[in-house]
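Chain nomenclature is as follows: A, B and C, assigned in order of appearance, with residue numbering initiated at 1 for each chain independently.
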Amino acid sequence: MKSKKLSIPYIIWMLVFTMIPIVMIGITAFKDSHGNFSLEPFMKAFGYTGVFLKSLWIALLSTLICLVLAYPLAYLLTRMKKSSQNTIQMLLMIPMWMNFLLRIYAWMILLQKNGPLDTALSLLGIHGTYIGNTGAVVLGMVYEYLPFMVLPIFTVMSKIDGGLIEAAQDLGSNGFAVLRKVIFPLSIPGVISGITMVFVPSASTFLVSQYLGGTDDIMIGDVIDKIFWTDQSTGSAISLILMILIFVFLVLMNLFGDEEAIA
Amino acid sequence: MKKILSIMLCAALTGTTVFALAGCSGGGEKKQDKGEVNIYNWTDYVSRGEYDLMDVIDEFEKETGIKVNYTTYETNEEMYNMLKQSNSSYDVICPSEYMVSKLIRENMLLELNYDNIPNYANLSERFKKLSCDPDSKYTVCYDWGVTAMVYNTKMVKNKPTDWDALWDESLKGNILMFNNSRDAMAVAMQQLGINPATCTKEDVDKATEKLKEQKPLVKKYVMDQVFNEMQNNQSALAAYYAGDIAMMMEENEDLDYCLPASGSNLFYDAMCIPTSSKNKENAEAFINFMQKPEIAAENFKYLRYGTPNQKAIELLDKEYTENELSFPSDEYLDKCYVFSDIDDEVYAYMQEKFVEVQAN
Amino acid sequence: MQKKKLSVVSKIYIALILIFLYAPIAVMIIMSFNKGNTMAWKGFSLKWYGELFQNNVLMGALANTLIIAVLASLLATVLGTAAAIGINNFRGKTRAVLQNVSNIPIISPDIVMGVSLMLLFSFLGVIFHFEMGFFTVLLSHVCFCVPLVVLNVMPRLRRMDPSLYDAALDLGCNQWQAFYKVVIHELMPGIVSGMLISFTYSLDDFVITHFTQGAKFNNLSTEIYSLLRRKIPPTINALSALLFLAIIIIMVLINVYERRAEKRAAKLK
């Protein structure tokens, strides 16, 4: 039980399957097509700055919309009976267990021209295109990741001491003031982890934009996928940059989260 | 990150529940005496029992007792990269002519033993000595065709006649373009009066500009998703392979086709055996089987690309053989160019530039 | 917090979110009964379900998915549990480093992990002459499953009273018995939930498999991916409908089981 030896297989495992692959990406990113040291892959990677920005923008929008939708829902959940809480939580999770690609495909059907949504809105006299634009990509992301926002916020909120809220009410706070002054500050850690859990995967995802977006909505994940099969060096350079961006984001979120938790 | 959440969720929801996984059979592969054959082919290139046609793979297994491992690719490039990078061994592949040249040049193909492929005699003469394999050592032509355009008559007012329709402002957001560098670049080059078969890096640059100009009009860069888009009236106009267009038109009567007046790309796909093959004889048996007249006819009905198999054509109804999408006239073919061999550097440059078009 | 009845507005809000979540799935299920093979409704039919079951390729991919998920979660559980116990015995910086490295696969984007493993396997493949396929996918799945197990077992380890093990030894257990009967028993809930999460992650994975599958191996996700790139066959709707049904059944079973367990627990009190 006191033995450290038990971790040896895993330490070797991590070395082979975590550290070496990352080092390999690092090495590949500095090679040109003849295998010599070169900064060319990074020069090429910076050619995709626009795609990086677009991906971050889509991820940001998706995260914000998720937050706006999820926060009230999480709050309402805390005010339910235990049994309805369980039911709603389960209902939130079931779509997540469907295959990722099938969920995106489902939206393709729903949003397409003369599809169910288009037909329904046409009856109301509204005509438009609902697929092949940034909006559809953001919608797809929100759909994919909404539960990741709701559940951590809910978990944190449901742990808030009921006594605090009663105390605030006894001291004359109305419902809104309680929400603003007690519940919101205390729920910040949940919000932070929700933001991380939505932002990171949506910034690095691929395929969603290929299926729901237009020609301008290509994301960095798609570029890596397209490029990696023919040009591993540039693919590695882009992956490396993406990874660094994500780590910076995580560190920032962590700092922010800790401070808030103390305050 | 998604994962961390699920941990919380799962822990909360399932607690200590364990559900046993029943009925997971699998694992034990039935080894048959005749061995196996690894086929790496284009997606949807042989009839697998849909549309009430024969499942030719099943039929092959039944007849020969050879087990088929069937996998697919969507572009020549994908196939090439997989051959190079995954250390995979395949027995039969089906590259297009320019890829055949490349593979021959890089010593990646085995010479065929045509004695094991007696049905090779069923091919008409003009498909026996392809320009990419002039001495007929490595290939058995599987199909051929041209690129063309398909449009929805309810959405396109002026009947398109040439590739310039793909740059038509009035169709903005309703155009589908090839999602592979070679075909997309070739279309742009034809627009610019460049012969794609002999293009240089400068030509690629010009084509890149032309494609960037087109990009705002394009709804999507697609390959076989084009079926879904056109059959369900999602898009107005698309460039694609003529045989596939014949197929789409059967599903949706609002569709019509256009063989571009300035000509198009004539391609051949041929079955070959890569050097990584470990079952050469089975591979030859498979290639031979595919050229049986009734099998080739069945595959034709499924695929609609021209078949080089003369005996199979004799088995087909007139409605098939007189369709110029499957069998364009000789006069039209005279206007077409063939990619026989593209310089490696130009080719790599093309791929790189095409990603750039899509990304910026 | 006080539980009041929710206002009508709140109920509508929740209902709208649920509609948002289920509308696409509902559409797919409806389309799975469509006779025609395009989007236009041509009448009710079960033929796509028939075709689905005859589709050896999809069924094979499903079997692959299940085999990989079972093996990967089992391997990861053994490796991860041992690792958690071992790491827990380190102190200070070493332990922090080990834990952070262990978490890398979880926090790095899936696509980066997929790409890096592909580099590794194609490099090793050239040296040792193997091709990517079942084993590389299995190894990759173990890679992202182990950290999940470690994360689940760790909190249990922290909460465990270390003297329990010594007590067992004092009471006459040998080391192995003490380890098995006391330690593993204590950690069981963490181990099980780690295994379950690994299992579901392996089932759902697309990205990592996509990069490490080679050309001959497909799991359900990658098979669906290649279907979506083609003339999308309507069988895919039937497949979704059946998967949805399976998920619902599993969820209901889990819930029933938990309710019973709760009741039993309540009775004991």
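The rule we apply is simple: a contact is a pair of C-beta atoms (placed from the backbone, for glycine too) under 8 Å apart; a residue touches a chain by one contact, two chains touch by 3 or more.
Keep in mind that what you see is a predicted model, and the values were worked out from it rather than measured.
Counting only chains that touch, the fewest steps needed to get from chain A to chain C is 1.
Two chain pairs, B-C and A-B, are weighed by contacting C-beta pairs, with B-C ahead.
Between the CA-based centres of chain A and chain C the separation comes to 18 Å, rounded to the whole angstrom. If each chain is reduced to the centroid of its CA atoms, chain A and chain B end up 36 Å from each other.
Counting partner chains per residue, chain A has residues 90, 93, 112, 114, 200-201 touching two or more of them. In chain C, the residues touching two or more other chains are 39, 107, 200, 228, 232. Looking at chain B, one finds that residues 1, 4, 13, 85, 232 touch two or more other chains. Against chain A, the residues of chain C that register as touching in their complex are 1-4, 6, 10, 13-14, 17-18, 20-25, 27-28, 31, 39, 79-80, 82-87, 89-90, 98, 101-102, 104-105, 107-113, 115-120, 123, 139-140, 143, 146, 150, 162, 165, 178-179, 183, 200, 204, 206-207, 210-211, 220-221, 224-225, 228, 232, 236, 239-240, 243-244, 247-248, 251, 255. Contact residues on chain A toward chain B in their complex (touch as defined above): 33, 47-48, 50-51, 89-90, 93, 112-114, 129, 132, 145, 147-148, 151-152, 155, 193, 196-197, 200-201, 214-216, 218, 223, 226-227, 229-231.
If you check the complex, the residues on chain A that touch chain C are 1-11, 13-14, 16-22, 24-25, 28, 69, 72-73, 76, 78-81, 86, 88, 90-95, 97-103, 105-107, 109-110, 112, 114-116, 143, 146, 158, 160, 162, 165-166, 200-201, 203-207, 211, 221, 224-225, 228, 232, 235-236, 239, 242-243, 246-247, 250. Per the touch definition, chain C reaches chain B in the complex via residues 37-40, 51, 54, 57, 63-64, 66-67, 70, 106-107, 122, 125-126, 129-133, 144, 148, 151-152, 188-189, 192-194, 196-197, 200-201, 214-216, 218, 226, 228-233, 250, 253-254, 257-258, 261. Residues 1-2, 4-5, 8-9, 12-13, 77-78, 81, 85, 173, 215-216, 218-221, 232-234, 348, 351-352, 355-356, 358-360 of chain B are the ones touching chain A in the complex.
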